[in-house]
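Okay, got some structures for you below.
Next come two complexes built around subunit A: one with subunit B, the other with subunit C.
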Partner chain A sequence: MADDEIPSDSSTLVIIVDTNPNQRYITEDPKILTGCLDAVIAFANSHLMQKSRNELAVIGCHFHKSEYLYPSPGKPLDVRQIDGQYELFTLVEKTVKMRLVNLIKSQPQEEKPGESLLAGALAMGLCFISKVRREASPALKISSRILIVTGSSDTAAQYINYMNVFFTAQKQQVLIDVCSLDKHLSLLQQGCDITGGLYLKVPTLEGLLQYLLWVFLPEGSERKQLVLPGRGRVDYRAACFCHRELLTIGYVCSVCLSVFCKFSPICTTCHTVFKIGGPLPIKPKKKKMKV
Partner chain B sequence: MADDEQDLKEYRWETGYEKTWEAIKEDEDGLVEGLVAEFAQKAARKALTPRRGPVRLGMMRHLLVAIDCSEAMSSQDLKPTRFLCTLKLLEKFIEEFFDQNPLSQLGLITMKNKRAEKITELSGNIRKHIKVVQGLLNLALTGEPSLQNTLEMAHRVLKPLPGHASRELLVLFASLTTCDPGDVNTTIQNLKNEGIRCSVIGLAAEVRICKKLCQDTGGDYGVVLDDVHYRSLLLEHTSPPPRARALDAGLVKMGFPHTAPPSTQSDTEPPITICMCHIDEGEGVGGEGHLCPQCRSKYCSLPAQCRTCGLTLASAPHLARSYHHLFPVDPFEELKNDGQSQFCFACVRSFTDVDKQIYRCNRCVEYYCWECESMISSTLHVCPGCASRPHLYQRLPDTS
Partner chain C sequence: MSESSKFKSSNLNATPTLQCKDLHEYLKSRSSQFLENLYNYPTICLAVYRELPELARHFIIRLLFVEQPVPQAVVASWVTQTHAKEQNKACEALSELSVWHEAPIPGGLPGWLLAQSFKKNLKVALLGGGRPWSMSQTLEPDGKARDITFLDAYALERWECVLHYMVGSQQTEGISADAVRILLHAGLMTRDAEDGSAVITKAGFQFLLLSTAKQVWLFLQHYLQTAEKRNLSSAECLAFLYQLSFSTLGKDYSTEGMSNNMLVFLQHLREFGLVYQRKRKAGRFYPTRLALNITCVRDGVAPLEAKRTQGYIVVESNYRLYGYTQSTLQVALLGLFTELMYRFPNLVVGVITRESVRQAFRGGISAEQIIKFLEQHSHPQMLKTESGGIRTTSVLPPTVVDQIRLWESERNRFTYTEGVVYNQFLSQADFVVLRDYARAQGVLSWQNERTRTMVVTRSGHDDVKKFWKRYSKSS
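Moving on to the complex of A and B:
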């Protein structure tokens, strides 16, 4: 990525807040969510303070759907200056809190909360970033990134959606940053690695705002000069479609590239029937080697 | 994309002008702005639609690209010359090709002085191909090309490949003549029998034998109008072709090298090992690398085919990059904007009078603007609404 060397004129930040009530830190103490949300809002406002042309979106990811918490669609809320606070900051805080309450109220009562569908929220974030780029003047250099703040664990159920989102982000030079509040997230870590973003699992929730400000506030071009957490080792083994287990050797359907852990005569994804006689023989390449 | 409509009219220059200006009319208020916007939207959408093809694709592609290096390439109707323009576009093509076909292989052939010469072997090594293309810059353009010799070579190279791989030849042809030693029709028939798909991009004018070659083998034929058109014709070949004939499908054994975390970090230096892909060049000595899970040979980059045991080595994202072909998003429904929704679900842009049409996903029933619709169907391949609903997000076959 050549152009993240040059500092940008404006940067777009999309924050995805996982508000799923089944995250461990919320089930242990529901009040912590408010604390985390305050940290995220303070972080969002610090981003807006960096440059006057910076853009912001906050997306709430609940178990039944995801929704924009900021900006609110249509007319913005009417806010007056409160004790000398910059109006925009008040607007962000008020809008996020009000819309979050509405999002939580809209959750179906009879349903048990399932997995947080972060891939959908990421897709929304990418659409928002494209819109900002379309509407800006072509001369403006815009850097864009998406930050996910989550205490959920990740499973292979959203695998394909995640991969499509990661590769789109990579193509459009959008960094994906992940701040994990609880467990190690190997799929999302792959997303950080593919897009060049940062992955951090915070050791304690008390210092959340500090971690956010130190690690995730600098934009791509500024990060090279800072000492930030390293990439670490990313696990790139493929998961089989039949059991979603990680493999070092697997069988891949030549038609659709589905991965299976053992040989089977028919592909369960595309229903292709394979020739009997086991997997295709592989002839090693004839190549003289001098060792 | 072979469309029959065009074939009826025989030649491009017989299709006549498109009188686009006649369609511009004022609306009731005497304004053209809305119509112009609608026009732009339609044009942008039209450019995208042919990309939506059938779902079954040959994804492990083997493509040979033959480059005309004869005198005809020195013509300056493309700037700076046909040849330099080709080389510049080819670099871009190689990168895009591997971006969209990560487990595929490419090989390059030059055509000059009645001969066809292999300049790179079929391989997935992007850097090598690009280096060779850059090295062609000062090549002397001489003689006449031989289409038949090129086809014979492609036949020789592609024939031994396993049936589950798609086998293709793309010829970039500037000459209006070809110097063939025998009957080219027999060669075309042989290629057809092997299921080798041949496409030609003509840089000058339509040549009958090229058209026949493409028609018989199921390839595409295009003639370049200018450099922009050339670019789009060439890049069209980066997206996988629909399966030309029933290829033998197979299950391919594949290795996913897993680098275990270093046991004790600074105590012991990692053992010095040699990377197999750089063994010829004598470089690539070092600690980091991907080990073949079957024989422990080391490779510095993936994907690769293990030179010792033949296993194809890849990482999960190499496969996943192609999954969007498998599970395309159902096309959204185009609706007249009657105020069904005030804003786009994906980008929260408010709909205005300029949005004559809006788009609805019929699974999640969310409304989208035309810009988001085209981004979702052409790049993202995920419906944001569906992907954030517990009952709709899964597109994998349910195996539980």
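Moving on to the complex of A and C:
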């Protein structure tokens, strides 16, 4: 939803790569991660190739933390050209691979892998974008977007975090694109819909690079000109704040709009006490609201 | 009656305007064979790719991994109906630069196929493979590495040397015969008729008012044109230039493996400040920001400027101009269109007068160029002051801006229209009839009843002639 008509001078892309080892495609064949990573890196480099002032960040998202894979904090690696590849592209590839190894090595051994911290990684991406915007000269038109490449399923546990990030992104005019490698992700699809980004579930992991280049490489202003997969129907179910379950009908706090699956006399989010007029059993009918 | 002396409206605004082509236009004017040769260099492919329109870039990316021709109808279907115009433009650009060419597909339909060398080398640049651009991986760390601030200062100093020479400042020791030859070739300077010394031309003055990135690019374009005479292949030079523009600022690169010709070229670039070398035989060089900005000459793309040297010009609404500068170049530039009054160690005071501005106009400088120059270099203080409550887009006082424009339009009091003269009418009546007819048609430019002369516009000539034939026959 950025300023669509005018092509931008520079575009910022943040790629969030889910590296959680309990994704199904990785547990089936761990080597496939390398292939996916290569596709993502080639895609990242194609983004840098578009314009000389394009910015890039790659964030690795693991189950214990998220970390920048590129640009590396501190001094950039000293990379020399080894073949005909553009030096900057070599730097991206080397940095991402090296830092990803460090990230995976740093994972706690004793813990069982949990859920990927995608919402946190998204927040990091937004921070990076606002930093780029702050540092750029005000005359420069910058369009920004975040691409999530993930094979894990989205659980409602991070529902609130997701929504906060999505609406922040909407306000900041940042598109959120999602490329799902495995399952249908209804929550993240909502994010795409809210921010005006694209959602794609790739049918097969072979040719991942082609999917990425075709669908996700054009920036916001260019997407109008191209024929791209449509939005489709979006599942807008919300998760309740008490048990993190998706519901179609529930209770909504009239003060803070928190969603609950069961009635409680005190809102757990804003501590509002609801006056109970009349006997309790008939409550459910009165307070029923569609979400 | 006879109609005679067709006025030819030649371009009477004969002051040549300086052409600054971007890479796309430069390549377009070259033969396709030359282009094919160029696409053997991954650097050029990368540069050409970035110069293309957005849609064209996506076409290439989508075709990059396709080996056989793709039907034109398929390519067209990638774009929404409402943007057919952009699509045509993109296809045209790709054909113009021989990035792709038509190839029939088995069914007989017309298809597009990317040029083999372009595809191969763009893939190399993007994904790796092939040979490295320079032999830099064997380079040992430089004991006396230079940082970015040093390189910026060096580049600026070298480039200003060239500009200084052009305005005829006294510092002429820093410039070689080669650079002078290029300036002469480019028509930016010319040999003085009397003593053979180089003097600046009108185009040269316009050149001085361009932004640095544009100046460098224009200069290099002329350099490449003269390159052949020096036994340098211009394709090779262009590839090397773009290799420089895709390098990292503040990093050293090895000269090993470079041909003798390229080493000569490197020395020239060193002279203009595009690369820094400690010694001629140092075996390594540092590209500077001037070289990196070659890819940013297109309009609207702001170059990657260093933390800008701050503006130094204050213009007041009473046409006074203060330039806080010590550089003789900047003073000379101001002198192009102002009458300088006082000179202090760090300040020059001048006044913008009708005469001084007209002097500049005669030199082929346009009002727009002057205003742009003043805006670009205006002192930070100027940005703060509000111009008497009037919000204008410019930081300059509106009176000054308007007056400079008026002075320019003052020179353009003539408007030229093509026309045909009708004279030697036999009777006054004939003249009046034809004049009134022409007037009614709205094609009469001028008439004089006493001399029985009238001028009809070019487009109206046929019509009036026909009318005259009919009229003279009937009477």
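In this section, the second predicted complex is superposed on the first by the 254 of 291 C-alpha atoms of A that agree within 3 Å, B and C clash if a C-alpha of one lies under 4 Å from a C-alpha of the other, contacts with A are read in each partner's own complex, and residues count from 1 in each chain.
We adopt the following convention: a residue touches a chain if its C-beta (ideal position, glycine included) is under 8 Å from a C-beta of that chain, and two chains touch if they have at least 3 such contacts.
Small disclaimer: the values here were computed from a predicted structure and weren't measured.
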TODO: Have a look and say if subunit B or subunit C is in touch with more residues of subunit A.
DONE: B
Task: Which of subunit B and subunit C A:Ser130 touches, first, second, both or neither - done: first
TODO: Return first, second, both or neither, reflecting whether A:Pro218 touches subunit B, subunit C, both chains, or no partner chain.
DONE: second
TODO: May I ask you to decide whether A:Thr248 touches subunit B, subunit C, both, or neither, giving the answer as first, second, both or neither?
DONE: first
TODO: Go through the superposed model and pick first if A:Tyr236 touches only subunit B, second if only subunit C, both, or neither.
DONE: first
- [ ] Considering only touches as defined above, state whether A:Leu226 meets subunit B (first), subunit C (second), both or neither.
- [x] second
TODO: Considering only the touch criterion stated at the top, classify A:Ser153 as touching first (subunit B), second (subunit C), both, or neither.
DONE: neither
- [ ] Check whether A:Ala121 is in contact with subunit B, with subunit C, with both or with neither, and answer first, second, both or neither.
- [x] first
TODO: Across the two complexes, find the residues of subunit A that touch subunit B and also touch subunit C.
DONE: none
TODO: Could you please specify the touching residues of subunit A with respect to subunit C in the complex?
DONE: 7, 9, 42, 45-46, 49-53, 80-90, 93, 137, 139-140, 209-210, 213-214, 217-218, 222, 224-227
Open item on the list: Can you tell me which positions in subunit C touch subunit A when the two form their complex?
Closed with: 42, 46, 49-50, 54-55, 57-58, 61-62, 65, 77-80, 83, 86-87, 121, 124-134, 136-137, 139, 246-248, 295-296, 300-302, 304
Open item on the list: Using the touch definition from the top, list the residues of subunit A that touch subunit B in their complex.
Closed with: 57, 61, 63-66, 68, 71, 73-74, 111, 114-115, 117, 119-121, 123-124, 126-128, 130-131, 134, 157-161, 163-168, 171-172, 190, 194, 233, 235-239, 241-243, 247-260, 263-264, 267-270, 272-275, 279-280, 282-285, 287, 289-291
TODO: Over in the complex, which subunit B residues touch subunit A? Could you list them?
DONE: 55-60, 103, 162, 164-165, 247-259, 261, 274, 279, 293-294, 305-312, 314-317, 319-327, 342-350, 371-372, 375-376, 379-390, 393-397, 399
